[in-house]
Amino acid sequence: MGKPDDIQQSEKQTEAIRFIQHTSDHSLLLQCLIKIQEAYLHIPADTVELLQQQLGLSYADINVVVEFYSFLSFEKSGDYQILISNNITDQFLGNQTLFKKLNSRLADVNVSIEYTSCTGLCDQGPAILVNGWAINRVDDERIEHIAELIEQRLPVDQWPSHFFEKEDNILRRDIQLSVECQPGAAIKTAIQQGREQSLETLEAAGLKGRGGAGFSTASKWRFCAQTEAGQRYVVCNADEGEPGTFKDRVLLNQYAHDVFEGMTVCAAVIGATRGLVYLRGEYRYLLPQLQQVLQQRRDDGLLGAHILGEDLAFDIDIHLGAGAYICGEESALIESLEGKRGIPRIRPPFPVVSGYLGQPTVVNNVESFWSVSRIMLLGADWFAGVGTDASKGTRLLSISGDCRDPGIYEFPFGVTVTEILAACGGEQTQAIQMAGAAGTTVLARDFERRMCHEDLATGGSFMVIGRQRNLLDMLANFSNFFTHESCGFCTPCRVGTQLIDDIICCFKQGQGSTSELQQLNDIAKLMQQNSFCGLGSSAPTAFLNALQQSPELFSAHGPLDDNPQFDLTAAVAEYEQLVATLSGDLR
Amino acid sequence: MKGKIKIATTSLAGCFGCHMSILDIDERLIDLVDIVEFNRSPLTDIKHASQCDIGIIEGAVANSENVEVLREFRRECKTLVAIGACALNGGVPAMRNHYSLTECIKESYLDGIGLDNPMVPNDPDLPKLLDKVHPVQEVVKIDYFLPGCPPPADMIWKMLTDLLAGREPVFTPQQIYYD
Amino acid sequence: MASIQIDDKSIDFQPGQSIIQAASNAGVYIPHLCYHPEFTAHGSCRVCMVEVNGRQVSACTTEAQDGMQISHMSDDLQQTRKQVLEMLFAEGNHVCPSCEKSGACTLQSVAEYCGMLTAEFTFQYPQREIDASHEDFILDKNRCINCELCVRASRDIDGKSVFAIAGRGGQAQLIVNAVDGQLGSTDFSVQDRAASVCPVGSILPKHYGFVTPIGQRSFDLKPIEQQQVSGHEG
Amino acid sequence: MTKITIDPISRVEGHGKITLHQDENQRITQARLHISEFRGFEKFIQGRPYWEVPVMVQRLCGICPVSHHLAAAKAMDRLVGVSQLTPTAEKMRKLMHFGQVLQSHALHFFHLSSPDLLFGYDDEVRHRNIIGVIEDHPELAKQGVLLRKYGQEVVRMTAGKRIHGTGAVPGGINKHLSITERDELLKDIDQIISWSQNAVELFKTIFLRNREYHEQFALISSNMFSLVQADGALELYDGGLRARSADNALIFDQQNPEKYLDLIHEHVESWSFMKFPFIRSLGVDKGWYRVGPLARVNNCDSIDTPLAEQQRVEFKALSADGIVQYTLAYHWARLIEVLHCAESIKQLLHDPDLQGEDLLVKGDMQAVGIGVIEAPRGTLFHHYEINEDGLIKKANLIVSTTNNNQAMNESIRQVADVYLDGRELTEPLLNQLEVTVRAYDPCLSCATHALGKMPLQVDLIDHQGHTTQSLSKA
């Protein structure tokens, strides 16, 4: 029987092949692979050959990239590929039941169902990706609809549009979200002020990178501008991969102009002509509308050879990611933009000196660029007027988990956890996880701690954990996440994440001992001190927090023994089974 | 003078090479007799360890009986020393971990060369085989480790004399071998 | 001349040198695996950690700066190195007793140097294959430590890029540049620098094992701390 | 019914156990030696390169690693198409092997079995061991320790280390013997020969002192199986296969060891991880045989070293029909071999070929390699098949002790029937079962290469098969 989606798929395939045939730039390898994956639902061998010819790459060059990214695969695993978001908040919302339900409902069709890392829909989960398309709030009714559409073999991009509608859920506006910016206005200011004055404005505003590391944006731009180079680049990090963060998704959905505006300001200041947005694969569905905004800006003279009629040339491309948390790390992101595996680079040199294609590059988070557009318009004082001494202004928090009103909240720096919880309706809260899986666990007794660089730094994730939850489940979710997302480059992170995952699993089953606890501590400290990049050094934070603040988690099943709890019954099960099935009939 | 130091030794899934290396202390074995008493050991007819100062374990954990013996040693010995690659990391026996137990058994008893009456031995008098081979520290807490296949006699001697003198055994890089 | 202080020793260096290069030139051995003087440093093994200003940094990727105070042999650092080595042993299938590379293996020798008695971490016993398809060499992935020396040698010196690392996290492993994944299908050859750079027993000549008697093997003859300082790197 | 288990059998190398079943009248209804460990070498060696094998498979056994090392190396010689080694390689391997047999036999006699013979089977458990020998017979103990040490030193100088060295490689050897090493070994060799002779004399005296009992103890009648030289002389390293029936007739002689599968197969029983080899022409029931010192000294027509040959003649005179079936005579034959090894080492040390430089030969690769050797405990078979890439695809190992499996069970049954039947079982009585097993010097470590462990334990089992009492020998 002919499949209704055959024609549709083959059009996409033709388009993908045509794209490759017109490409010779090997830094577009990843983008080519993403197109192939989308069209064929895997990477067929003959397309690899074509890529080798077109891009002048070896088989291994392509193989390693395919094997690196979660969303690329040499094997076709089904006509529909369903990925279930597996953040801890998705778990709170019942994604494991969802997994079972989907499996049983779709048992008869050629569908693969697997888990994936957080898809950035934590305020409206449980969420899934179907062939890369994100669907929120998957309840019984939706499962039924999805099953019917799949049974009809309707291509995903022809599914009713309401399936793909997302909520922005902006629930608290402070100074930044309450202003509207006219496209072009910030660029005009920047041009008027000139490079030095613009940098001084940003400096006076005290804007620090919103990605979480908190480096001064003005200093970063200044370093970049000062580096001698033929070309400079502006890169917007829209690889919002930290579990529990989704504010960049909302900004890109509602404030794309302002983000591109901020990028253009940066270009004007540092002297760049090219910008790149690295959009995480999970937000692929935003691509068409973002392209539209870019086109409109070109049409309006806000991008292109003579922006606002001035001697300012700048344009922006969007690159997609393909499922790799590590690419949120700026040097790994640059590698990925160059079409390679997302392995962090040795620093120094920092990207501001040698970044994309070896040229000075500013990499900033979506929210940073968005704030830039506002600061240029409303001035440094406006921005620096709120916040704390070392953390100026406000920032967006993505709030999810066990609270009444999950969504986006803008707070001035310095706000306490208690105040945040009051705003989002977090009651009976056991703990909050600030800054995602790599962030800090704050227990109820410490809820007077404040969100700011001096105390609780964050990239914007704020997950609320109610009293009914077992924190070990959260730790297990995180250890699993890091095992999956470690790039594998350096020893402590590659091996440490696996070992921690084993140990947490052991405690979850009530089988830990003092030696495992000691090992957990050793491994976590080693990773923290000794990893190659920030992923490895921040990954163990939650485990160290647990060891220090809530050691009772690990002895929930009784006092720990010095001897490991070796499960003899499980270990001899295979032999007993073998003896039962084999020895009898062969006699 | 205090009584003699009681030492028990056992071999789990191993080749007895570590025990041979203990004997490779040669004439020093004769000196040892004055200060130690051997409890359960392949060298004596004592079948169960009891109240020992030092227990020495050779071999990996591959069957249910290994687990029981190891636990007995942990219970009865104040200080437990694991010696040799098998005990420390599974050694050569753990190479079977690359295959399933079923594959290994089939090869030996069903599909092997020159077999008559192929079948899987299953008598209740036989210990049950574990699906994977484990280092000893995955089953009980171990106090000291001596690497090597086997650890050289001089290393064993240093460990013994240090422990007997109440010293923490410490080795220089030149004394450490993994092969 | 610019100088750094490693523990109690003052060492002169050329600007642009890394800490490990400066140390090596002065005959100070800093244990390392993925670093090799012939290739660009990439800092992945995390064995060559030293302490600068209270922070642990990898000596191969950190440039020496005049007046730098470096701690190299503290208990903390030795512990760190030991734990990293334990991780490598627990991660792969390192059966020293039956490995042809034993006695000439850098991993083994570094671990012995650092006083590692055993890896107390849980052994992973990964399922990895041996590729014996090449006429002159075998590739035993059981022993690979992802140091990428062969990757760099093949790419930067041989100009062939026979090797690469694919996959990520614990799945990250060495592959070769061939559709069938077999070394025999690549242009790898005996003359390649990559053929002799493997610090462990992953890339080994075929039909050849244990020909050097115990006592005459590389590290039997000269300990690693003497071999792997300037001019003596294998 | 009562089931009695002796677990573990002690003062043997490896793991095993004996179970006895007694009915309500204390009649023995069943006696079995179980090998209770499994290591799965035949499987996990698959996929490994052949040139690693001699070093890897010696980990079968830490007592006689050299036997496995050399048997595997001989198989590898075939794989690399070599049928004749250089004189240096051949003689270095033989020297290594003599050193190994010497140390292994010394270990077995002095460290493990002598307590039974010196103190009696009913000596106190606490005292009945090598420590007891050191306390009561310090000079003898010292000789035992030093004999073993000498053998180990020969191994060290040929293989690089005492246990699990690397000397033999496919097609040859990796070192020769330096003059310094040779001189060091020569220094003590006369002393070693003289102690070896003392040991034979000592055992002879003990045996003959209570001759009838020692002859009858564990007496069974079996076929004998071993390698012999082309002229029928005792051979440990090479030669052809010979089997002799219980009534001293040749079953076959000078058979090519590489054709072993035409001659023997292995039978599997549910109650042991150790298989039961048998001579195919005689069938499972009649084809079982004994290997090791007793079989070798019985089977050969002569020994090519003078002192050992004298002892052989005297030994053979024990039995009127020309074949010595006494199980305890294993010790006697073993000590004759110790003497033979010591003499052979001396001969070899004077051979300048050991200092030769020509260590390796190569030929054309073959797909199958079979190496057979006389290990201390008997004939040892290593059989490997490789694929075109040189990786092992199939392996078969029949270790010495496995060859004695049926014989050990027969002997246990005999002792159980004669000494234990109808009696209240006590520790000394049970020790007789271990003495029986010990005579064979079973290397249960080797024997369990396939699976795992051999303890001796006695359980009392009622007529419904339930264990009512466990008489573990603690």
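Every chain is named by a letter (A, B, C and D) in the order it is written, and numbering of its residues begins at 1.
The rule we apply is simple: a residue touches a chain if its C-beta (ideal position, glycine included) is under 8 Å from a C-beta of that chain, and two chains touch if they have at least 3 such contacts.
Worth saying up front: this structure is predicted, and the values here are computed from it rather than measured.
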{"item": "Centre-most chain [mean C-alpha coordinates]", "value": "C"}
{"item": "Chain centre separation (subunit C, subunit D; CA means) in Å", "value": "43"}
{"item": "Length of the line joining the C-alpha centres of subunit A and subunit D, rounded to whole Å", "value": "65"}
{"item": "For subunit B paired with subunit C, centre-to-centre distance based on mean C-alpha positions, whole Å", "value": "32"}
{"item": "Sites on subunit B at which at least two other chains make contact", "value": "91-92, 95, 98, 101, 105, 118-122, 129, 132, 137-138, 149, 179"}
{"item": "Contacts with two or more other chains, residues of subunit D listed in rising order", "value": "47, 56, 59, 161, 164, 270"}
{"item": "Residues of subunit C whose C-beta touches two or more other chains", "value": "97-99, 120, 122"}
{"item": "Full enumeration of touching chain pairs", "value": "A-B, A-C, B-C, B-D, C-D"}
{"item": "Subunit B-touching residues of subunit C, taken from the complex the two chains share", "value": "89, 93-99, 102-103, 108, 111-120, 122-123, 125, 127, 223"}
{"item": "List of subunit B residues in touch with subunit C within their complex", "value": "82, 85, 88-92, 94-95, 97-98, 132, 135, 137-138, 144-147, 149, 171, 173-174, 176-179"}
{"item": "Residues of subunit B that touch subunit A when the two form their complex", "value": "61, 64, 67, 71, 74, 100-102, 105, 110, 118-122, 128-132, 134, 137-141"}
{"item": "Touching residues (chain side subunit D, partner subunit B) in the complex", "value": "5, 7-8, 10-15, 17, 19, 32, 34, 36-40, 42-47, 56, 59-63, 65, 107, 111-112, 125-126, 128-131, 134-135, 138, 141-142, 145-146, 148-149, 152, 161-164, 261, 264-273, 275, 278, 284, 383, 394, 396, 431, 434, 445, 450-453, 455, 457, 472-474"}
{"item": "Contacting residues of subunit B [partner subunit D, same complex]", "value": "11-21, 23-24, 26-27, 29-30, 33, 37-38, 41-48, 62-63, 65-66, 91-93, 95-96, 98-99, 101, 103-105, 107-109, 112-123, 125-127, 129, 149-150, 152-153, 179"}
